[in-house]
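Here chain A shows up in two complexes: once beside chain B, once beside chain C.
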Partner chain A sequence: MMISKMLLGAASVAMVAGLAQAESHMADTSGKRIALSNNYAGNSWRQAMLQTWEEVGGQAVADGVLAAADAYTTSENQATEQAAQIQNMILQGYDAIVMNAASPTALNGAVKEACDAGVTVVSFDGIVTEPCAWRIAVDFAAMGREEVDYLATRLPDGGNLLEIRGLAGVFVDDEISKGIHEGVAEHDQFEIVGSVHGDWAQDVAQKAVAGVLPSLPEIVGVVTQGGDGYGAAQAFKAAGRPTPLIVLGNRQDELQWWAEQRAANNYETLSLSIAPGVASLALWVAQQVLAGNEVPKDLTVPFLKITQDTLDESLASTPEGSVANVTYTLGDAKQVIADAQ
Partner chain B sequence: MTVLTKPWIWSCVAAAVAYALILGLTSGRGAGELAYAALSFGAFAAIVGLGQMLVITLGPGNVDLSVPATMTLAATLALKAMGTDPGTAMLGLVIALFVGFGVGIANYALIYFLRLPPIIATLAASLVYQSLAIWSNRGLRIKPPSGLADFATGRFLGLPNVAWVGLFLAIVVWVVLERSVWGRWLLATGQNMRAARLAGVPVELVRALTYISVAVFSALTGYLLASFSGGAALNMGAEYLLMSIAVVVVGGSSIAGGNSNVPGVWGAALFMFLVVSMLNSYGAGAGVRNVLTGTIIIGIVIAASTRRVRA
Partner chain C sequence: MSFLARHRIILPVVSLAVLLAATFYMQPRAMSYFGLNLLFNLAVPIALATIAQMMIIMVNDIDLSLGAFVSLVACVTATFLHDTPMLGLLILMALILAYAALGALIHTLDLPAIVVTLGMSFVWGGLALFILPSPGGASPDWLRSLMTVKPPFAPMAVVASIIIAVVTHLLIMRSGIGTVLRGVGGNARSVERAGWSVIRLKALAYGLAGLFGVLAGMALVGLTTAADANIALRYTLLSIAGVILGGGEFIGGKVSPTGAVIGALTLTLAASFLSFMRLSPDWQIGAQGAILILVLTARLIFRQKGAEA
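And now, the complex of A and B:
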């Protein structure tokens, strides 16, 4: 079963790669080496990201599309450490560096050094602002707005919302929260009556929500940032309150909980987040740049959205305890590039 | 000696004030709910705090920075071994405690044989433990067996089961510290290691057992927290590094060692939960909340330490 699945996956990647070679008359990248510079590995999203990189990168090397696709992770999630890592990669002679950056600005110096040394730099998820690098960004603010837009379709009468934010001081947290507040300004039947930081972790979110719930009026909806929806649900349950409409973030335990609630009382919600497989998109974008194709510097990746209709399918394809994922192919990368042009 | 001269009173007073301020906002609504949540979440901080207190009591420079990694590793291995199968709760507990024991021995071996300062030894070792946790399960969140999850989230005589565990351990630690030879040895070692050694205290044995204790306490907390929150996550221990040290200091134990304080740890654990809840309830933003939390902690530490000087 496992082996047949793996073979199937390998075959499809090989096919796409084959197609790519057939249609791309640009320079051959079989001698090019790409490194992944990753700043953090300590949660299930990052683990899924690294796994996708390993699979897609390993396959690309096996197919002769690339000479190497190596992953490196820093241990302490610090910009200084990652800057040193990038300098090492320049010395090791990589042709391209794909990075998930610890800071949007603090690594600009190291990124510039890489560009000056002729290395292609593609940043994704945690992007860098240095103009010489490519950026595969997620419109986090749009994700926040979309959550409120969805609540407005489900709860036309509005009501009180609880906002669960991520890690204080991180760019992504500010962006999603900004989008949520814009959405609430637009749909003024909603009011955010409480806001807590859940650090994108179920146990932290559960603790924060449990602490603030006694002081809150009736809550109709919970807007989240991913990795915190299950904890929020547990806190509402422990407090003996009715479960509000909680927007989820694609974690398997959240989807599992959603499926159970749906079976018990027709619970309906929306789940959205960024697929960890965005690393594979960044790999193919770097490959395209190395192949000499025209690639705009700013690309946008869509979120992975799970609705009532696609829940079963997503749940079945997500390993227990992991995050819903999609692996991007070279074709997807070309589509994203074409859309940006 | 009146009750006001006890250093632990300040953390308890602060917890009570934070509790009263939240209830002031809700005009008394949700009092039981809030107390229950504080006891549940405070229990985890209290158990790691008790362990950290024993190490800090050993004297200047003694601290265990591998607490978060130990929690994560013990919880990950225990939950993986149990694999959500019913009736495996004891197996998981044994594995978690065994991991804690092993981690404690490893930490102490680094400190003793390599003569590394404990801060460096435990910090370096924690990278190894965290990597082992990542390697063993790649961050997949496995659900605890339902019986164990029910125990961890359940209650007995109106109090959360995890709080009973925390209270029981607090009493054990208190008895050991105040009423046993080993406790006296620990305090003597913390006050002056050289004097203690010359007086015939088996100083290295005391230190070894202390580092094992903190690791076992951390492992137990990891096991309970993972069972409580529906699975082990790689970042589950992150906030317990500073938390474990903060509850010791806020609780009135001396950061310089040689003076420990069990009731204060529980008071501080409740306070740390309630102060965040209070600031959240009053709608303070993240920046304001962090500044106020820091200021309040400094205030309590000053209050507790000046009282001690006068007494």
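And now, the complex of A and C:
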């Protein structure tokens, strides 16, 4: 066991030595270990995220770029548990922690401890506000605005909108909702007549929408946060009401439903969300920081948009029960870093 | 009675020691001042919450709102106590009084505590969301420095745990009022016949729970530097498990403050241990339950042996 490990280590060192000669501009990170701290795995988006991490991280380890890229998920989605998890990672001696945070602020204490211990911390999707950490953020407010902008192009006369929100108290929910309300303020032909929490899950969204529908006037559009569009569509169908224009969130079931509706009655909409592959981007950013490269603390990643034209292609590449995805490469990471500089 | 049955504290101590030894074996880095603090500092608010839960269990009730209550306190601490300390202090005191009033209400109307506290958890949760709709706030500086203080010889987490255990031990096990409070759980009627007002005692027990709940929320914010409305929801179950793991019983006023603190440390350590073991998260929660069952089984076996002897 011990000997085989040593041999393996020696082999990878030799391999990396070769690589390092080939790419002399890249500082050696072959001895560095990166951990992924994830707070939740209970939906298709997170599953795809973990899968991407495993693929890209595994490849990076196999190529000798990194010594380890381990993923940890807390058993419950709680900031206190994730804080403990991060403290454990410090103890385990990881060089960098890549994290999707349960709370932008409640983990700051643990993140600061990591920084003080010399650990690089890169947060993505659910970012942390602690200044010593890197942030790969999505402009969620812009995502909300874009939804309303799109509705304005499709429905110039305006009308009543139903808003489906995410999980109460989570900042992503606040940001997207803020963007939606800004968009509605800009396009004053729209009015939000109802707002429910769908918790980013189809079944919850369906129940919530079904509960509120009888009290609502005619709805022309539904603005969503992703993971809730299919449930909303089912609720409208069950209530016997005409299907409004529902903005979708890249989930496979949503895309599938869209394709069916398109075939049946030429339904047209827009789907947008953050790609779970952003985990791979965070991995490469952490690697770049470990390699000693200058990386700005705040980076932005574009969201993944699916239109009527790209629907077939996206649907084909998205496994059932999953979510449309892109995997980022080291080159992409360098591009994002360069854009921010 | 056997030795073990008489000294119910032995089993929690042994469980913690075994787990600690296993953790040190797996992760030698933890065996240091710095490591111990990292391992245990988040156990401090859990220990305080466990003591709060113990106060309620001591009078034969159970509190299902504790996690939401600690979250609310965390939100108040990160907002009002930081911006306007006087107002913040007043709110926290009002919260403690509310807990005491709840205890009196539960006793007067003879309501099941499990239902009332479950209902209250939504009230606390709603208030927390009202105060802090999105995560944020900041820890008061004095609180942050208190929670990150580096005492000589032993790290903050260990020192704090010992202080909590000693203070609550003196209060509950040694003082006169503590004995009466435990008596309420053991036999409320005889306590009443002895001339005590059970309603006041219950209010006192709930008030103490409120006090320790408030301390737990404040300690948590001191560690995390900020709050959100869902920050401590897990504390409800953790605190109940901590009390039981520490040798407490659901009925009869049989509790152990020292055991409760050790129970909280054991639970925290169990989570870290499983994480060091690289166990898949799908299994972790089950494994945590398995550890709990293991300790409780051991307790049952020892008690039966004690009864035979």
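Here is the rule we go by: the second predicted complex is superposed on the first by the 316 of 341 C-alpha atoms of A that agree within 3 Å, B and C clash if a C-alpha of one lies under 4 Å from a C-alpha of the other, contacts with A are read in each partner's own complex, and residues count from 1 in each chain.
As a convention for this text, a residue touches a chain if its C-beta (ideal position, glycine included) is under 8 Å from a C-beta of that chain, and two chains touch if they have at least 3 such contacts.
All values derive from a computational prediction rather than experimental measurement.
Chemist: Output check: A:Ala238 vs chain B and chain C. Expected answer is one of first, second, both, neither. What do you get?
Modeler: First partner only.
Chemist: In the overlaid three-chain picture, which partner chain does A:Ala41 touch, first (chain B) or second (chain C), both, or neither?
Modeler: both
Chemist: First (chain B), second (chain C), both or neither: which does A:Glu113 touch?
Modeler: So A:Glu113 only meets chain C here.
Chemist: Examine A:Gly169 and indicate which partner it touches, taking first as chain B and second as chain C; both and neither are also allowed.
Modeler: A:Gly169: touches chain B and chain C.
Chemist: Counting only touches as set out at the top, which of chain B and chain C does A:Ser75 meet: first, second, both, neither?
Modeler: both
Chemist: Looking at the overlay, what does A:Gln92 touch: chain B (first), chain C (second), both, or neither?
Modeler: It touches chain C, and chain B stays clear.
Chemist: By the touch definition at the top of the document, which applies to A:Ala84: first (chain B), second (chain C), both, or neither?
Modeler: In the superposition, A:Ala84 contacts chain C only.
Chemist: Overlap of the chain B and chain C footprints on chain A, residue-wise?
Modeler: Residues 41, 75, 168-169 of chain A touch both chain B and chain C.
Chemist: For chain A, which residues count as touching chain C in their complex?
Modeler: Touching chain C: residues 41, 70, 72-76, 78-81, 83-85, 87-88, 90-93, 103-110, 112-113, 117, 129-130, 168-171, 174 of chain A.
Chemist: Okay, in this complex, where on chain C does chain A touch?
Modeler: Residue list for chain C touching chain A: 27, 29-30, 34-35, 38-39, 41-42, 45, 129, 132-137, 220, 223-235, 268, 271-272, 275-276, 278, 281, 284-285, 288.
Chemist: Which residues of chain B touch chain A in their complex?
Modeler: Touching chain A: residues 22, 25-26, 29-31, 33-34, 37-38, 40-41, 127, 130, 134, 137-143, 153, 225, 228-231, 233-236, 238-239, 273-274, 276-277, 280-281, 283, 285-287, 290 of chain B.
Chemist: Sort out for me which residues of chain A touch chain B in the complex.
Modeler: Spelled out, the residues of chain A in touch with chain B are 41-44, 46-48, 51, 75, 165, 168-169, 194-197, 199, 201-204, 206-208, 210-216, 230-231, 234, 238-240, 251-253, 319-322.
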